[in-house]
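What follows is a short report on a single structure.
Per-chain residue numbering starts at 1, and chain names A, B, C, D and E are given in the order in which the chains are listed.
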Amino acid sequence: MDRLMNFLVSPVLKWALLVLAVVFPLISSNEYHIYVMATAFIWAIAVYGMNIITGYCGQLNLAHGGFFAIGAYVVAILTVDHEWAFWPAFIAAGLAGAIFGFLVGVVSLRLKEHYFAIFTLCVGFIIYLLLEKWEALTHGSLGIINIAPPEGFGFVDFTETVPFYYLVLAFLVLSVWLVSRLSRSLLGRTFLAIRISDDLAQSLGINLMRNKVLAFVLSTVYAASAGALYAGVVRFIGPAEADVVHTFDMITYLLVGGIGTLMGPLLGTLAITWLTQMLQSLEEYRMIIFGPMLVILVIFFPRGIVGGFLTWRGRRLANKASQQDQGGESQASVQTPSTPSADKQEAGNNA
Amino acid sequence: MLKLENVDAKYDSFKALDNVSMTVGQGELVVLLGANGAGKTTLFNTISGLLKPSAGSITLNGEDVTGRRPSALVQAGVVQCPEGRKLFPEMSVMKNLVLGAYVHRRDKAGIKKTLDHVLEMFPILEEKKNQAAGSLSGGQQQMVAIGRALMGRPKLLMLDEPSLGLAPLVVKQMFETIQTINRAGTTVLLAEQNAFAALKIATRAYVIENGRLVMEGDRDAMLGNEAVRKAYIGA
Amino acid sequence: MLKISNLTKRFGGLAAVNNVSVEFPANQVNAIIGPNGAGKSTFFNLVAGAMPPSEGKIEYQGMDITGMAPDRIARLGVARTFQTTMLFDQSTVLDNLIVGHRLRTQSRLWDVIINSKRLRDEEKKCRSRAAEVLDFVGLSHIGHRYIADISQEERKRVAFALAMATDPELVLLDEPAGGINPEETENLADLIRKMVKHGITVCLIEHKMDMIMSLADKIMVLDHGEKIAEGTPEQIKNDPVVIEAYLGSEQDVEA
Amino acid sequence: MDLFLQQVLNGLTLGSIYGLVALGLTLVYGILHVPNFAHGALYMVGAYVAYFTMVDLGLNYWLAMIAAGAVVAILSVLCERLVFHPLRHAPPIHDKIAAIGILLFLEAVVQMYWGADFRRMPTPYTEILHFGGLTIPAQRLLIIAGAFGLMGALHLYLKKTMTGATIIAMAQNREGAFLVGIDANRVAMMTFAIAGMLAAVGATLFAPINLVYPAMGHLLIMKAFVIIILGGMGSIPGAIVGGLIIGFAEALGGFYISNEYKDVIAFALLVVILSVKPTGLFTKGVR
Amino acid sequence: AEVNIGFTGPLSGGAALYGENTLEGLRMAAEEINAAGGVKVGGESYEINIVSLDDKYSPSQAAVNGKRLVQQYKTPAVFTPHSGGTFALQAFNQRDGFIVMSYTSIPSVTEKGNKLTVKIPPSFTDYIEPFSKMAMETSGKKVAVANATHDYAKYWTKAFVPKWEAMGGEVVADNPMDYNKSADFYTGVSKVLAAKPDVLFIGGASEPTGLVVRQARELGFKGSFILMDQAKIDEVAKVAGGLQAVEGSVGVTPLGSSEIEGARKFVEKYQQNHKNVATSETAYNYFAMHMLAQAMQEAGSVDDPAKIRAAMPAALKKIPAEYNPYDVNGISENGALETDVQLAQVIDGKVVLRRLSDVLSQ
């Protein structure tokens, strides 16, 4: 049992997952599965971005879908209206994510908690409305067709599903790698300190604004890059891509996987994506199942797949440690680590 | 008046109270001593209904009240002044106090009388009565919490570390006040770190360790007990 | 070390800190006492930069730090703890402490991406600093525990350690002994002495008089935002104004 | 001038409905500390119940309003019991997701029973009044009067009655409320009932000049959020004033600036106001 | 044996009704075909099985669904009722080998050279000239644009405005409104009416369009309306307060008023199983399904999309009139179905029909 658990948290698992991802197209007979997987990976990249600002830094950003759309639109506009190739446009999309992220971040990060969340919700909505209304630039609600796909090389053609899958997988691996490096680094710890408390972080000499903005910009770059890849595969986009629904979807992925965890974003995205595909056969009735399922998940697995597992394991380990400690004078007893954010009802009371 | 028999309480799988049996007689002032994390607050919350015991029974004046809702217990006269105060931070001090008398809300004259009494006890609150409770200093908030509990005109008053964060002068007054309240006929159950001061006004005391009651005795026995002196009173 | 002149902080009509001038010398324990709501925590908030003063001047090591951002003040060597202990419940003790030394490091995003030598060195430095301060507060044995699992007193110590990890020269402790028992209070006092021995200047808010009296070199008493007395413990204990406002009669002090 | 007054009237109509919906949202936020994204779905269900009562059962408008209020109040209480109560210790983001779950579910159920068609709810008040050049359909007057009447009543209820005070107390500290003897569960349910009822009544008032369809709550709920943030979360006057601000911004902005950009105007207004006053217009300075 | 036919469209969310309506047409046709013994190819008869997937009007979902339909269900053709979905499917339909049966009247769908696309309804551009002509004759030359803001409405406006001006008309106000999301049209309508137009060019989904008409009348508008083809006169009238409210308006023919045999038959059949009024999206898709089945028989294949596509002209000639509510009589080289559209105008509270060719030749 313990050995299994250790395996599940050891790097071996990550390698195993990677190998699985690499061979997936070979063992899957069905191109549709590969296609779904590739799009899920794209979303996962964006969700990793959200995890940086929301999971690690504690700021719920509801404009995330908007930045995803910005990335997609930059690629669309540059390749269609200005005849750029995909890859330069892709880089431009990342840059645009950074620039807009910086501008929005500087203004919005002065706000706290729900105010920040709803403020960004509005920013997201404004992005949506601008994409829809600013016809001269975005083609308005008509959307943009014939977006250039990523240029391949040699025999590799990224308009084919399988090569595209590997392309996205490469980006995903890069993203996860960067996040894992980040989360273990001093910078990641800095973000965590901010998540616990602004005051605490400041008293430790952390420049709040600079770090928050950095986390925000990182997250928007992730979102915009994912959006750019998305534009490259769907090759048609409209303002609906900026719909707040996508942001909520991403939050759901994050929550189901485990917020603030490394593998959570990926597992959550895959779980929900496949679940939705499975429920497709129920057509319009599927929400009757999906809705309550979401509620049940949130009630009974509040920390998501990965978070729940880590807690369970953490408690076991701690139990063991304290058994070994027996006889020491430490009388503190073991308990479940409580939920990260303070109990809501008491939140107002932390005077 | 209050009787606990073999009460267990759990947080998830962690047993915070283990087979606790105790009695508090009418008019007594019983002190509960224990280190941090020993289970004092848990015991209080179990009595006041915020936590459901996982085993055992609680009787109040001969009536089984195990698992009753907190509101029902307040109605029955069991009022707790909780650790961490649990005030209504955005309401004025006055509103906080008045809400303390929620179960007596029909008795306007009675409320007025208790209110005067409380304000007399903590004059600073009179000064701050229109300020939001959350904007008071830590100690002032503690006073509001005690005041609010008194507004409920308790038969059994449970005070969970009331001296926490209070200035010595106020602490002294507070213990006097507790004694006064007790003499006037209210049964008091008191958890305190300030063991010496608490024992001085107590009738009896219990000592709790790791969720278990390990010692019981009247005031003098406790004050004389070497182990208690060492652990809870200091050199 | 710390020189305050005519410091005032007003909330609406209320002067929480009112025209306070005081000097706290280096390398000793300076205590601030006073009734609840006297403005002690507010005073700390002003010094640490958490809120700007309405009037007055704060000098730290001869430098004017009035109105400076809290993170800059922290980098100048001022650390603090909070009246309610704030730590990251879901991490281990050691993980909580590592970030404490962050302000003495330079690594940026770029270092993270390329995993630069600087980053690795600094992480090592932070880690060893965390272990050091943990040892300093006597908690080396619980470094792997989750914060949520440790006792109140241990939390207080971890909070100390966190402040220590910033390599401070001045630490502001807001009621460090609140809610812990006499024996543990004594241990905490020892710890504070040890800090001073290591060249740190301590400013302390506390209501536990026996602790203050045995620990402090200098005491300032606030009441209604105003300084009503300052001096050695001996002077304060016998100051009639202080007895009137705060301590109560002689016997009570012992209780 | 007439045109201007016409827009003021439009702003007032919109503002009333926005305010009413936002009021329920802000109340529930006070208790839950969570933006209830399902509130828009409750509004939608309210409209359908009223429609069903009027069209399928053939009862009159006011009975339909009562039925809608009652059914949605019960539904809202059920949500509290089954979903938000078990989540009361979870971080806010969890409630958000759960609320989205409820929203998806309610929409799907409604669509299953009534289909996705647009429906039109009749009203007995079809007269159109003219004052000078001003056109005022009676239903619009009813909306304005009804909304302000309800808001006034609610305000008095919360401020002047002890039961009202318990709702506010609950909002600020659940355990504290327990400890003074308030049956916190009952208060929570009551609050949800009131919020649900406000949404349903709002829907019944508004539906006759609009259409009834499963997605009718979507944009409204977004606006309601803008409103409660604008006014300060949990603030009752904030919700009302915020509703009016957004209503007027839309009507006047839509007329004098650009109808296409009128939603942009509303949202941009929020961004500007929050940039200046980061905690909304009506929050008190509390630590 | 069985042949799967794919559908991806909005079955939940704001556009669900529209999606359901189109799907219903396919289902009705499939039932009829199956009841008559299925599609007969090479001596074998295939039952038609409609596989429908929800895409919530999202192009990317449509693409995923398309992949799934083709890979998992081997559908030779996929129906989709929106241009976004069409574009998304066109990114890979030729390579993956399936016909996109697109229910959208945007001409560019078939102008991009995709060889396996069929555009089911007539291009909206066909309507613009006759609509303008009829409206100018009845009401006057000043038009105010107040139609919806979604993609389709934008296409319309773009084509409509220059045409109207070229015909000597004047556009006095241009103020599109979000028909799907607006809580209230009073502001928008009073704004365009302030410009004193003779004609209002409006249209989005029928019901909100009806509301716009109603509010325009409440605000004292006396002129006529041009209804963009998404809105159907009869349904608009129901919301607006009867046919007299839309007096003078021009629009596409409501199915119920059509004299074409196929249309009457279709409405009859529809009403046997449905309570509401049949819509054109149902009827067009119904026809398209029949035509597809016919084309499979002609092509002698249920799985070769190129062959099936090539057989369509022949199939059109064979298809019985009772399955053809709109008298579709041809298919262009690039896949657009062709018909001589009927137009409708409300005169003295009655719907009067005219052939497009007649209007233009006058």
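Just so we're on the same page, contacts are C-beta pairs under 8 Å (C-beta built on N, C-alpha and C of every residue); 3 or more make two chains touch, one makes a residue touch a chain.
These numbers were taken from a predicted model, which means no experiment stands behind them.
With chains reduced to the mean position of their C-alpha atoms, the one farthest from subunit B is E. The most distant chain from subunit C is E, comparing centres defined as mean Cα coordinates. Chain centres here are Cα averages; for subunit C and subunit E they lie 73 Å apart. Our note on geometry: subunit A versus subunit E, Cα centroid distance of 39 Å, whole angstroms. Separation between the centroids of subunit A and subunit D, computed from CA atoms only, is 31 Å. Residue positions of subunit D touching 2 or more other chains, listed in rising order: 107-108, 111, 172-173, 175-176, 260, 263, 285-287. Multi-chain contact residues of subunit C (touching two or more other chains): 151. The set of subunit A residues touching two or more other chains comprises 133, 284, 286-287, 331-336, 340, 346, 348-349, 351. Remark: subunit A residues 54, 60, 107, 110-112, 114-115, 117-119, 121-123, 125-126, 129-130, 133, 244, 248, 251-252, 255, 259, 284-288, 290-295, 298-299, 302, 339-341, 343-349, 351 touch subunit D in the complex. Taken in their complex, subunit D has these residues touching subunit B: 162, 165-166, 168-169, 172-173, 175-185, 284-287. For subunit B in complex with subunit D, the touching residues are 48-50, 69-71, 74-75, 79-80, 82, 85-91, 95, 98-103, 105, 132, 134-135, 148-149, 151-152. Residues of subunit E that touch subunit D in their complex: 12-14, 16-17, 19-20, 149, 175-178, 180-181, 183-184, 186-188, 190-191, 194, 205-208, 210-211, 218-220, 238-239, 276.
Of all the residues in subunit C, the ones that touch subunit B in their complex are 11, 34-38, 41, 83, 151-153, 175, 178-186, 207, 209, 245-248, 252-253, 255.
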